[in-house]
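Heads up, there are several structures right after this.
Here come two complexes built around subunit A, the first alongside subunit B, the second alongside subunit C.
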Partner chain A sequence: MAALNIDDAADMFGGVADFTQHTVNSIDDAMSDDGADSIGGDDSTSEMALLQQCWVNEVASPSLLPIDVDLVECLTLLLKNQLAVIDQLEESVADPMAALQLSMYQTEVDRVKYVLVDYLRVRLRKIERNALWYMSQFPDGKEYKTNAEDETVTVTFLSPKEMKFCAGYTKLLRKHMKETVLKHMPSKLLDNKPELDLSLQKLDDMQTTRMVDPPHDNTYLLAKMVSNGSQWVSNGDADEPDFSDYKHGHMILARYDAIKSRVISKEVELVP
Partner chain B sequence: MMDFLAGSMPLTIIPAFDCGRLSFISGDYGPFVATMPIQVPLWLALSLRQTKRCRLVPPPWLTTSYLQAAVDYEKDPANEAFFTAAQNPQDPEGPEIPLPHHYHEAATAILDCAAEDLQNPKSLPPLLSDLSYLRSSKSSLVLKRLSHTLESRSGTFEDGAPDVVYNMQSGWKSHEVQVFKGVTYKLMNTSHRIHYGGDTGPTGGGGGGGRRGGGGGGGGRRQFGGNRGRRNFEHRSNRGGKEDENIPGNGEGVGGGSQESMVDEDGLELAAVDEEELMEPMRMGGEEGINKFR
Partner chain C sequence: MDAYAATSLELLRSLNRSDWLPPYDENAVETVFKEQRTHVAEFKALYEAGRREVDGVEEIEEGIKPIMSLHISTLHRNKRCLLAYQNHRTSKLRDLRFETSVIPPHLKKQLSKQEIEYFKEYDSLLESYQRSVGVSLTSFVGGLTGGDGCPSTNMIEVRVTKKGGAGEIVTDDGGTVDLKEGTTHFLKRGDVERMIRMGEVEQVRGGV
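Moving on, here comes the complex of A and B:
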């Protein structure tokens, strides 16, 4: 995986934004925090603060979280504009005031770049680890769920470019597996039909063993409540533990499985 | 990473230059007028301070009186919860101000860079280290309580692990969390594995099915060979009570009896699993088999 620079990142997300109203609305609700206590800082709903929170969640969680493609695209554009401003300033670098402004702008751009690139990189690493699983779970990168009002809610887990990466990676992986191992498998497994493409998915379907590993969602994590547990609407999962005692700002220790849907709906944030 | 996140904390500076309104990605700052205080994020304040373009105004929580109040609160054995807020020394009639989430990182950075701007800078580091010591001893109490809870649950092996959520208190700040989570994650994941079998954690590897259902046996059989070494280590540490894990060691030592018998069964199980594991790669091919030898 070559080092990701900002131009690559911009290219990756230059495509059509897949804007999910669902996630953005709950972000705005959840982010009305006092500055001293939230990770966001200066302006709680600024793009940078939102991205920082997404980044922190992504780093802490063992499996892939939904991506707000719109947010990433917006930040990439802001970065590009700021880089243009910096380039302009560089022409008049003799002027001490310009030099000062230049250094300030540059520091900030470095900060935003760091978060954005690390966010994308963490996601790519997670995709690589469980590529086959994500391909089978999200064939077009999105998850479709029916909510309480019987509407279909789409949540984007893989952006279009990430989908492309995942597809390419799984293709390479399958080819590698085939060349090194599967070609030499005993014919019993081939069902006497050698013309069938023997793939890892096929072995999985035979249910002898599970060949495709899902990501490890059963690790324990610390998380922080963003909204009061007693106000939560049940998400229909009968196994979900009782959160009504937990208020905003409470820290909880739980298996990631148990809180995953709440992290996705931004009612709980992970602690880095 | 914590230092980075601390960077967005707002701080007041007194710039030594004049500048118009500047628009950054994270917001607009300015106009900067020399000798007039202005609020900027910590990263900007520190970067300007290092080039001697400004002076920091000491934040109210980074003063002797505030930190002393914090230390006194934490020392008081009646206060089980973490210290959260105290009187603003610059504004005695006003509301209490909370201790910032990244107080430790911010304080270290400010003391490093701009100690002369603070009042009484020599008194602050000992207060800060007292505070973090007291808070981390409180967090180890939480950890002890947690491990006791785990022991009391050790008798119940229902099918599948319950989705239990443990309540930590509120008031945790960034520093205590970092110190706490290293030990805690290991404790939780290990005890989960001991009680419910299967694998937790990224170093475990495949056999996802065993996670929810089937107790120790069914899950345990799906361990990778590479895990054997790691489990052996934990086997020993459960027996001995290692020095570097003296915090959970206390908890596990108390319930040592019940745990040890668990480990014995585990130990026997280990022997059985070893042979099975050796045979497995020959029986099944594909990704898992390859992974064993990776």
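Moving on, here comes the complex of A and C:
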């Protein structure tokens, strides 16, 4: 019995050393019915690895990247399930073995949460920064593009929840600006000349000064090639620089506009 | 008034000089509103003085056109500066919301009535977003760069810095800990996270 316990403990420490693997394993375990210590799937396809990639790209990019709504929902669910497991374990906390397990599960949950929370927060702060622009650009949070086969492709830039926040935030912003500035502005210059309207009471007058800033996508960023540039399929953008000399693993310094579509297609990874 | 748009420019400079936010300058904002009205009045006066009717077509004396357009530019500039002023202040308020859900009293003095209202509404907006996603976005502030980094353990060592102690807390496990000033404790992150952000306790780095 004692020997078995030591083995178990060793297994668990092995898991801690390779944390990503461990995270995926045990959360998957929590989901699976048999609860056996399955050997984790391929790292690159696991939910946690996917989220980490999205997170790193999102932190580095100046504007919002598409969001995988299902992935976020899935991880939230996994977290919830794992917390239920922890609650169960807490009842048997008198057992020293369970206490160790509990502490490790707790840490793991914290770490998954850390990435998830920061990912969502970084996105939210970006939405706030350019809320009016995102509202005008993606009125329903999605972008519709026509691909080479003339089919319409939908890309979700803002999840429905983020969209709701964005709409609420825009309303708050407009209200605050109206109360503090715009309603005190002169409404017209000359009574008999309506064509001389300066739109001083509007937040964005469109004609003279653009008050709605787009995100600064024309900044230079460090990025890493995660595929060979010579194998890239043309994305129809004539302005795209030639990447055919760059191979998997090369670091590049590029303008974000130029590589944005490659970041979205996961051929390039940003380096924060 | 001095140079055109000088007051609103000074408002923006005051933001730059301040560590957090300068007190809301209601007087200066009012002055700019007044300037705006003056610009309109002067524009009107110029228009009336320089207007000629030639063969039923309205013409404006060439010499005064530059002054008129200067007034228009100033109107736009003042509006832009005021919006920038408010926008900067509200962005600081949003940052503050990620630190604490209540405005500390010493900061409250710097804010206008509308800004306090803004903070409240932003708070409820964020709350409802957090409820919809099921996680609290104000935990683990710091993110990928800065902060404490990704938690490597769920227990942390903290030292109580608040004068007179931070009082007794009930931990997640149901125990109670008396946080006396200057004492250190080894506690679960979740139990003291809020107090770290409030500055009542500080994390002892490189602990265990």
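As a convention for this text, the second predicted complex is superposed on the first by the 211 of 272 C-alpha atoms of A that agree within 3 Å, B and C clash if a C-alpha of one lies under 4 Å from a C-alpha of the other, contacts with A are read in each partner's own complex, and residues count from 1 in each chain.
Here is the rule we use: contacts are C-beta pairs under 8 Å (C-beta built on N, C-alpha and C of every residue); 3 or more make two chains touch, one makes a residue touch a chain.
None of the values given here were measured: they were computed from a predicted structure.
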Which superposed partner A:Ser46 touches (first subunit B, second subunit C, both, neither): first
Contacts of A:Thr76 with subunit B and subunit C, given as first, second, both or neither: second
Contacts of A:Glu179 with subunit B and subunit C, given as first, second, both or neither: second
Touching partner for A:Thr107 - first (subunit B), second (subunit C), both, neither: both
Touched partner set for A:Tyr144, first subunit B, second subunit C, both or neither: neither
Partner, of subunit C and subunit B, that touches more residues belonging to subunit A: B
Which superposed partner A:Arg121 touches (first subunit B, second subunit C, both, neither): second
First, second, both or neither for A:Tyr169, with subunit B first and subunit C second: second
Touching both subunit B and subunit C, residues of subunit A: 56, 59, 79, 103, 107, 111, 114-115, 177, 180-182, 184-185, 200, 203, 208-209, 211, 272
Residues of subunit A defined as touching subunit B within the complex: 34-43, 46-49, 52, 56, 59, 62, 75, 78-79, 82, 97, 100-101, 103-105, 107-109, 111-112, 114-115, 177, 180-182, 184-185, 200, 203, 208-214, 216, 218-222, 239-241, 243, 245-247, 249-255, 257-259, 271-272
Subunit C partner contacts - residues on subunit A that touch it in the complex: 55-56, 59, 72, 76, 79-80, 90, 103, 106-107, 110-111, 113-118, 120-122, 124-125, 128-129, 161-162, 164-165, 168-169, 172-173, 176-177, 179-182, 184-186, 189-190, 198, 200, 203, 208-209, 211, 272
Subunit B - residues contacting subunit A, complex: 1-2, 4-5, 7-10, 17, 19, 22, 24-27, 41, 43-44, 47-48, 51, 53, 97-98, 100-101, 146, 161-172, 177, 180-181, 184-185, 188-189, 192, 198-202, 204-209, 211, 284-290
Contacting residues of subunit C [partner subunit A, same complex]: 29, 33, 36-37, 39-40, 43-44, 47, 72, 75-76, 79-80, 82-83, 86-87, 90-91, 94, 98, 112, 114, 118, 121-122, 125-126, 128-129, 132-137, 139-140, 143-145, 150-155, 173, 188-189
